[in-house]
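One chain, chain A, appears in both complexes that follow, with chain B as partner in the first and chain C in the second.
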Partner chain A sequence: MEIADRRIPYLLVTPLTAFLLALLAVPLAIDLVYSVSRVTFETLRAPRLIGLGNFVAVIQDAGFWQALWFSLKFAVAASVAQLVLGLFLAVFLAPLLKKVPWLMALLMLPMMLAPALVGLMYRLVLHEFVGVVPYYLYLYTGDSPAFLDAANAFRTLVTIEVLQWTPFALLILYSAYAGISDDVREAAAIDGAGALKILRHIDLPLMLPTIVITFFFRFIDSFRVFDNVYVLTGSGAGGSTTTISIFIYEAFFRRNDIGFAVAASLIFLALSFLVLIGLLRLGRRHA
Partner chain B sequence: MKRLKSVLLALAALAAASTSSLADVTVLGWPGGPEEAGLRKAAEAYNGTAAADDKVKLIFFNREGFWDKLQADLAAGSTEFDINLLATYAIGKYAPFMEPITLPASAKDVFGEKTLTTMQYDGKQYGVPTDLSMHFMYYRKDLIEKLLTDKDWQAKYAEISEKYLGKKLTPVDPDKWTWDDWAATALFFTKAVNPESPVRYGTVLQMKNLLFNMMVFGSLPRSYGANWTDASGNVTVDSPAYRTALELYKKLYDAGATPKDSLSYEFAETNAALGSGQAATALQWNAAAADLNDATKSPAIAGKIEAVAPPAGPDGRFTHIHGLGFGLNKASTHKDSALKFLDWLATADAMEIYAKAGGSPAVSDAITAKLPERPDLAKLGAFANAYGFVMNGATSANALSVYEAQAKAFTGYWAGTLTLDAALAQAQADMTKLLK
Partner chain C sequence: MRQNPLMMFLRIVVFAIAVFVLNFPLIATLLTSFKSDAEISANPALWIDQPTLANYAGILAIRDRFDIFHYLGNSVFAAGVGAVLATLLAFPAAYAIVRHEVGERWLLPMVTNLRAIPLIIFSIPIYLVYQQLHLLDTKIGLALILCLVNLPLVLALIVNGIRSLPIEVEEAARVDGANTFAILTRIVLPMALPAIASSLILAFIYSWNEFLFGLILTTQNAVPMTVGASFFFSASGGGVQWGIASAVMIISTLPPLLISLVAYRYIGRSLAAGAVKG
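This part shows the complex of A and B:
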């Protein structure tokens, strides 16, 4: 009876373990084999082992580093902007949201849309002849910039990412802000602290762990961005908006160089891991 | 007992129905356009007379990433479809996963030799060419008519052409345009160049970093003698012909003759720009013809748009052509039935039904004569035979990648992030790797 009892936990975790093995471990093992092989769609079932050649090719590929740099710039710019804007809105709208909680549901709407759909929507919105933005710019200024040319594409893409995902930052940061007891603020106010002092010395320090977590979430999401960038500009004029995900996708599907693409994704994974560990340590130190 | 019997009977009926549906031939089509409408009608007509086991059913992916998904499915040996869409520029890529077919002899009379070759690879036929794609030079009739008759406009035209192209030109009929004539016309109708222009832009160039845009662009360098490779297989993209063509696009873009956002333009954006009534010309796919002259879809320009073959260069007049068609999945489990449908699709009757419902097959005069509602089809066949070209290597396994390499390098030059020399050197190096 005791032995049978001891088996129960193992039996209970078996389905989940099998599921994870099938969906994560097996593809990872195949990826590891592909990363050290010459493999195309024609030779998916018969990859030829070539050692670390794919990793060397990726590291020597200027396009890989260019794409990585673009993704990093994009992720930092977008996540910092979302964080600052989300924090401002969380504090600024807090009294209103306390009185009208359902307003939060309305504010969440942008992030409920599929990113690819948002990309398509902005392709229309920014189009010189059918878009709302250029229409009013022409009407009132007689001119409209090229939102998606090589000079402006980065700014436009970051702005669209910020517009779609700031609600996510707002949601988390508002929850943290609302979770701070009013007694603490009242005590500070009685001691003569003004609104800015309360924000700086009470709210922000208490919200710091949440701020760090929010930044992580948004950074990870923006770092691996694919859909809306791909729909809006593709890889951009001369490859100027190639994110690391687009780079890997193109190597895999378009160049049919599967070993190279998988090696690139593994290097990307390792680098992301390092960046995240660095950021986590930084966050912990400050928290 | 009675209830049990009925349940068993129902189950048996269900099993029979599912077996019969398993015997169906599944066709994977090109979704969301006239091709889908055409295929639906054709399949409906075929199923009306086909035996139960030969009937076809249709499935459609989304257009976004269609070819990548198809590639993954074919490589995985999917049996979910028996017949799949095929395009000239992707035949080499998919040929290892498809089965060559032999069409009935009458197919030559229906399509003509040149159109059939758009579905051939390594000397073998891989599909039935149901749609032909090429480029038309669209222009505003009303504007060009005035330009051909108005003395003041002609004087301004000569002045602009001398300033930007280094030679004094006089307007000519669009059907006799050289690329210089077209460029002069585009510059004349550009507000930034000629503030008196009734429209904002002289043309709309599709300059997004996208492989299909390289097909549109390709007709220009080809007319200056360009090709991807010479007879010995050496890549020849770093050539005076490509140089001239790339410089002409850049000159027009820098002069403001095409919308500022042209570096993000493809088919849909070009149609919208032309449809707004703010552009005088555009080199665009033939598929746009019906929409541009449709009063509900393009009210600003409907009835004012005319289309001719692309302008001529020193080596002649050319238009890129490629076919869309249907071929046989090597992993198909219903090959015999699938072949019956493909044979039927290659008949005059099938193509008549397909074209009437919106498809764009390049078919013989005898068939187009029966389709008075589709005058564009007569043009399609005539242009394909007179001006159609396929670059050397453009049906190879890496053809799509070659277009992508060109798109990346050339758009870099147009955007100003690469010099012309660097762009051509980059394209030359990438193409050499891909076409070796």
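This part shows the complex of A and C:
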């Protein structure tokens, strides 16, 4: 009985572990082999080892670095904006949300929608003839920019990402803000501290770990962005909006260059790990 | 603290603006879906002259080339199976992690860190494996991937849920001679039900919203709603029928929308907890 019991916990984690092995370890092994091989759809079962050639090709590919740079810029701009907006809304609306909690449901809605569908909605909203945004811009300013051309696409895409995911930052930051006891704030108020001073010296320091985590989540999601950019511009806008995820997708499906695509994805994975470790370090220092 | 009525008014104004701006694409698409084709080109503004349900009826008329029920059915199946499977795998593992510290050092961090890994990296080898196993363009193949995608959140939520349960009840049952299986199904499961419910809800919503794997792994038989909706745009080329397109987009977003409006309290709390502790 005792001995059997000690084995049971291992039995309980077995299904999950087996599932992960099948769906993660096997693909990763395939990635590793194919990344050092020359392989096409016709030679899947007989890849020819060619050493590190694929990695060299990726590193020498200007498109790869361009896509990486785009994703990085996109992720930094979008996550910083989401954090600032979310923080402002969380703190400013806190008294209202405390009084009428269900109002949060309306603020949360955007993050419950599929990014791909939201992207498609913006194709309608920004359309130069039937779109509501160009319509009002023409009406009041007499002019409307081409939101998705090479010059404006970056700003448009960042704005769309920010509008959809600020609710996430708002939700998490609000729950951290609401978790701070009013006693602390009242004590500071009695000592003569104003609202801004309380925010700066009490609320923000207490919320700092949550702020770092929120930034972390938003950054990694924006860094690997695919859905909304793909349905809005694809690699269009003169290729200027190719994110790193879209670059790998296209290398695989359009160019049929499996070894190259896999090598690019492994470099992306390594870079993601570096970013992850960097952000975790940052988080630990502030937590 | 005392509330200044002017400040409260200002907060209500900011709230209204935020709701309007954040939900703007949804509001505009919803309004467009009730306009006739003629009105859409004549009146792109935010009001409707003559509301009509013609676009929703129009979806049914084009079922021979765009079968929305097919896509909806695929999404319900894949998202449902993906969410249930993730929960079934995570629940016993979460119990072992919390109460027996098995896998706490490797399994839990491995799964939660999966959240940070770009999905595209797995898409290529999984595509190739699926091709060999004849799982491409199957609902079950898509469901397996959706399960994988949702495991980090589901495991974090259920681990948090079980951690917050009092261990005394389980100890008392063990003294009474209950074995681990009985404890798991008769005691832990009922008590962890709120955590399990919210993980099912969130996993279903996220699975419904997934796009990348649907795009890569399905072509016809198992195409989910998000990808199907994008087909509608690419298939109609330059002349998108905006009225029907809007109605398609509204119907596609309806399930997650309604679920989150009903269960916002659960969802909000779980997401906040999952993010902070996960």
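Everything that follows uses one rule, which is that the second predicted complex is superposed on the first by the 282 of 287 C-alpha atoms of A that agree within 3 Å, B and C clash if a C-alpha of one lies under 4 Å from a C-alpha of the other, contacts with A are read in each partner's own complex, and residues count from 1 in each chain.
The working rule: a contact is a pair of C-beta atoms (placed from the backbone, for glycine too) under 8 Å apart; a residue touches a chain by one contact, two chains touch by 3 or more.
Please read all numbers here as calculations on a predicted model, not as lab measurements.
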item	value
Partner chain(s) touched by A:149 [first = chain B, second = chain C, both, neither]	first
Partner chain(s) touched by A:250 [first = chain B, second = chain C, both, neither]	first
Partner chain in contact with A:44 - chain B first, chain C second, else both or neither	both
Which superposed partner A:130 touches (first chain B, second chain C, both, neither)	both
Greater residue coverage of chain A in the superposed arrangement, chain B or chain C	C
Chain B/chain C common contact set on chain A	44, 116, 123, 127, 129-130, 231, 253
Chain B-touching residues of chain A, taken from the complex the two chains share	41-42, 44, 116, 123, 126-130, 144-150, 153, 231-240, 250, 253-256
Chain B to chain A touching residues, read off their complex	64-65, 68, 71-72, 74-76, 93, 96, 207-210, 259-261, 263-264, 269, 272-273, 275-276, 278, 397-398, 400-401, 404, 408-409, 411-418, 423
For the chain A and chain C complex, residues of the former touching the latter	5, 8-10, 12-13, 15-17, 19-20, 23-24, 26-28, 30-31, 34, 44, 89, 92-93, 95-96, 101-110, 112-118, 120-125, 127, 129-132, 134-136, 163-164, 166-168, 171-172, 175-176, 182, 185-186, 189, 210, 213-214, 217, 220, 223-224, 226-227, 230-231, 244-245, 248-249, 252-253, 258, 261-262, 265-266, 268-269, 272, 276
Chain C residues touching chain A - in the complex, by the definition given at the top	1, 3, 7-8, 11-12, 14-15, 18-19, 21-26, 28-29, 32, 40-41, 44-46, 88-90, 92-93, 95-97, 99-100, 102-103, 107, 110-111, 113-129, 131-132, 144-145, 147-148, 151, 155, 179-181, 184, 205, 208-212, 215-216, 226-227, 229-230, 233, 240, 242, 245-246, 249, 252-253, 256-257, 259-261, 264-265, 267-269, 271-272, 275-276
